[in-house]
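Please read through the structure below; I'll follow up with questions.
Per-chain numbering from 1; labels A, B and C assigned in written order.
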Amino acid sequence: MALTRRALLAAVAASVSLAAVTAAAQEKFITVASTTSTEQSGLFKHILPEFAKKTGVQVRVVALGTGQALDVGRRGDADVVFVHDKPAEEKFIAEGSGVERKEVMYNDFILIGPKSDPAKIAGGKDIVAALKQVKAAQAPFVSRGDKSGTHAAELRYWKDAGIDIAADKGPWYKETGSGMGPALNTASSMNAYILADRGTWLSFKNRGDLAILVQGDPRLFNQYGVILVNPAKYPHVKKAEGQAFIDWLVSPEGQQSIASYKIEGEQLFFPNAKR
Amino acid sequence: MNTIGPAFERAVGMVASADPQLWEIVGLSLRVSLAALALAALVGLALGAIVAVAQFPGRRAVIVVMNALLGLPSVVVGLLVYLLLSRAGPLGSLGILFTPGAMVIAQAVLVTPLIAALSRQAIEDAWREYREQLRSLGATTPRAAGTLLWDTRFSLATMLLAGFGRAVSEVGAVMIVGGNIDGVTRVMTTAIALETSKGDLPLALGLGIVLLAIVLVLNVVAHMIREGAQRRYG
Amino acid sequence: MRAPQSLLPLSLERVGFVAGGRSILADVSATIAAGSLTVILGPNGAGKSVLMRIGHGLLAPTSGRAVWNAPEAPGAPRRQAMVFQHPVMLRRSAIANIAYALELAGVAKAERLARAYRALEQVGLAHLAERPARVLSGGEQQRVAIARAWAVRPEVLFLDEPTANLDPGATAAIEQAIRAIHASGTKIVMTTHNLGQARRLADEILFLYAGRLFEHTPADQFFAAPRSEEARAFLKGEVPWH
C-alpha cells in the first residue's frame, strides 16, 4: 500500500543518513576532556597531529571549564582528563575516578588591564599587591566565575591578599560565568582588569585598549596535569590508547612538541614532565 | 567598532575561495541536520497524522502538550539528551556522546515536536474537509491518514523546511552533546560561538554568512512551494 | 457461487435524529426499493441531507434504524457511493481522483487507469484527465465527483443537492449524467429543493418537511395531486425560508 511503501522509504533514508553521519567515527580515537583556555590557545591543533601520525589514534578534545572537564571524566564520558588545577586533580584521583596524575607542562597567568590603568599596577611583579590595589581603587574587574582552573587561581590570589572576595565584592567586580575568551571580550568592552592565561591572551584578537600589566610572579605559574580515567570504574575507557597519549605527552617527543608551539614567536607552554 | 569591515572582507574571501576548513564545517552541519530532519519527519509526521485522525481519550490534552513542546528550549534538550547518552546514564553503552550521532539525536528531539504539532494542525484541517468523502469512498482510518499526508504534501514540505532551519540554526543542544570537537562535532553554530568568543571574527563571520544564506534559501524555496503549488494544484 | 445479494431495498424504520438539542428528523419510515429514480424533495432545513447521510451510513440515527437488505461487510469495498453538494477533490489530477476510488474498490492496478478514463469520457471530461482536479470549475469538479462515484459501479448512488451551487449549463450536464447512470442500472437516491429538477428527474418523490416525511408517492401523482397541505404549499412556492 502506498502509505507503508512511503513510510518504509523514509525509514531507510533516515537510517542511511544517520549511519553515514556516524560511520566516519570508526577510526581509532580517544576522548580527552580539557579546558577551553588550552584549546583556544591553539596548542592541540599543533601537537595532536604529531601524536596521530605516530600512533594512528585521533584525539578528540572536548573543551570545557576545569570543573566541568573533571565532571565529564567522573561520568566516564572521557578517556583522559587534561586540566590545570592540582587540588581538584588530586581529589579526582582520591575519589577513584582517575588512576595517576602526571605533570606535563605549565603556562602562566597574567593580569591584564586597561592602558589607562586606574589602579596603577602596570609593570608590577606581585600579583597579590596588584589585586589589593585594584580593590582599593574599586576599578572594574572581570572574573570568569565558572569553576575553571583560572577562576580557582584568581580566588586563591584574592585569599592570599587577605580579601574575602565573596563577601567584599562590589559592583566593580563582574562575574561572567563564561570561558576565557568571552570573559576577555567583556573586559575589553568594559576596559576592566582581568586575570587570564597567556595562551588565550596571545591568540585573542579583540584586545581593545587592554595590555599585560602584571606578569612573572611565580605564584602565577599554572601547572597542567594529565590523568587516565579509571578503567576499573569504567571498563569501556580506552585504556591502551589513553595511556599511549599520556606516555607520549611526557615523553621527550611530546615535550618537544609542546615547547615548539609558538604564537608570534613566543612560547606559550613550558614542558616540565618529571623523568 | 571598526573591526567588522576588514573582518567581513576576509570572511567573504573565505567563502568565495572555498576555504576547506569552513566548508568542512558547513558540510558536517548539513549532514547532521538532514539526518535529524529525516528522523524527525518520520516520527513527527506519523504522530501528527495519528493524532489528527484518531479518536482516543485525552486527545485534547495530547494536542496541548504537543503545541507546548514547540517552545522546548534547546539547551534543555541538550541537557536531557546528554544525561541520557552519558556513560553514567541509561544509554551510555551506546557510546555516542560527543559524536555526530548524539547531535543528530538532539536535533531530532528538538525538531520532532515542531513537525508533529504543525502537521497535526494541517492534517486535521484537511481531515475536516475530506472526512465524509473519504469515508464514503470506503477508506479505512489508516488509509485516510496516508491519503491526507499526501494531499497536504506542500504544506508539509514547508514545515519540513522550517524544521531544517530550526535544526541547522540551533547551538545549545549540539554544543552540550557534541562537545564542539574540532573536526568531529564542530558545526556552523558552535564554530561561530567558539570563534566569536576567541575574538577571531573572519571565520565566524564567514560561517555566519553561509548560515544566513542557507536560511534565506530555505525560506525562498518554502515560499516558492507555497505559491507554485497553490497556483498549480489548487 | 451465488451472486451477492442486492443491497436494496433500504428500510427506514421510524428514523429520528436529534443534534444539539434540536430534532432534525422525526419518525421517518419508508422503504426505498430498486428500479426507480428516487428524489427526496423539500425546502432548506427539512432534514434531507441528514436523512441521506443516515442512509449512506455516515451518520447513525439517534432513534429508529436504517437497514439494508444485505448489509455491506465492514472493510469490504463499498457497494454504494455518494456525491456531496460540495465536491471534495483530492490534490491530484482528475483521473487520479477516479483511480483512487477504484483502488479502494479493489480494482486491479492494471485496469484502473482505463476504467477511470472511460468514466471521465462518460461525463464528457476526458480532455481534462491530467488537469489538477482542484483547479477545475465547480461544475467540472462535480462531474468528476460523479464519474468517480460511477466508476466503481455502485448499486446505489446517493446525490445530495448535486447542482445547488451550479449554473444552469452545468446543472444540465449533471442531470444528463444522472440520467445515464440511472439508465445503466444504478439506483439513484438524490435530494433537491429545486422543483424543476425534481419534475425533470424523479420517478418517485419522498417529500420531507421540518424533519417529517409527509408523502412517499410516484412523481406524476405527487405533482398532479399532492395529498398534504405542506406539499401543496411547497409546490405553490409558499413555504417560508428557515
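One rule holds in what follows: a contact is a pair of C-beta atoms (placed from the backbone, for glycine too) under 8 Å apart; a residue touches a chain by one contact, two chains touch by 3 or more.
All values reported here derive from a predicted model rather than from experimental measurement.
Peer 1: If you walk from chain to touching chain, how few steps can bring you from chain A to chain B?
Peer 2: 1
Peer 1: Which chain has the mean of its C-alpha atoms lying nearest to the mean of all protein C-alpha atoms shown?
Peer 2: Measuring from the global C-alpha mean, the nearest chain centre belongs to B.
Peer 1: Using mean Cα positions as chain centres, tell me which chain lies farthest from chain A.
Peer 2: The most distant chain relative to chain A turns out to be C.
Peer 1: Mind checking the centre-to-centre distance between chain A and chain B? Centres are C-alpha means, answer in whole Å.
Peer 2: Taking the average C-alpha coordinate of chain A and of chain B, the gap between them is 32 Å.
Peer 1: Compute the distance, rounded to whole Å, between the mean C-alpha positions of chain B and chain C.
Peer 2: 46
Peer 1: Using CA atom averages as chain centres, what separation in Å is found between chain A and chain C?
Peer 2: About 78 Å, centre to centre.
Peer 1: Which residues does chain B have that touch at least 2 chains other than itself?
Peer 2: In chain B, the residues touching two or more other chains are 143, 150.
Peer 1: Going by the contact rule at the top, pick out the chain A residues touching chain B in the complex.
Peer 2: 1-3, 6-7, 10-11, 13-14, 17-18, 20-22, 24-25, 31, 39-40, 44-45, 58, 60-64, 74-77, 178-179, 181-182, 184-185, 188, 200, 203-207, 234, 236
Peer 1: For a test of understanding, state which residues of chain B touch chain C in their complex under the given definition.
Peer 2: 129-130, 132-133, 135-140, 143, 147, 150-154, 232-234
Peer 1: Which of the residues in chain C come into contact with chain B in the complex?
Peer 2: 53, 56, 58, 75, 77-78, 81-82, 84, 88-92, 100-101, 104-105, 132-135, 148
Peer 1: Inside the complex, what are the residues of chain B that reach chain A?
Peer 2: Per the touch definition, chain B meets chain A at residues 3, 31-32, 34-35, 38-39, 41-42, 46, 86-89, 92-93, 95-101, 104, 142-143, 145-146, 149-150, 179-182, 184-185, 194, 196-201.
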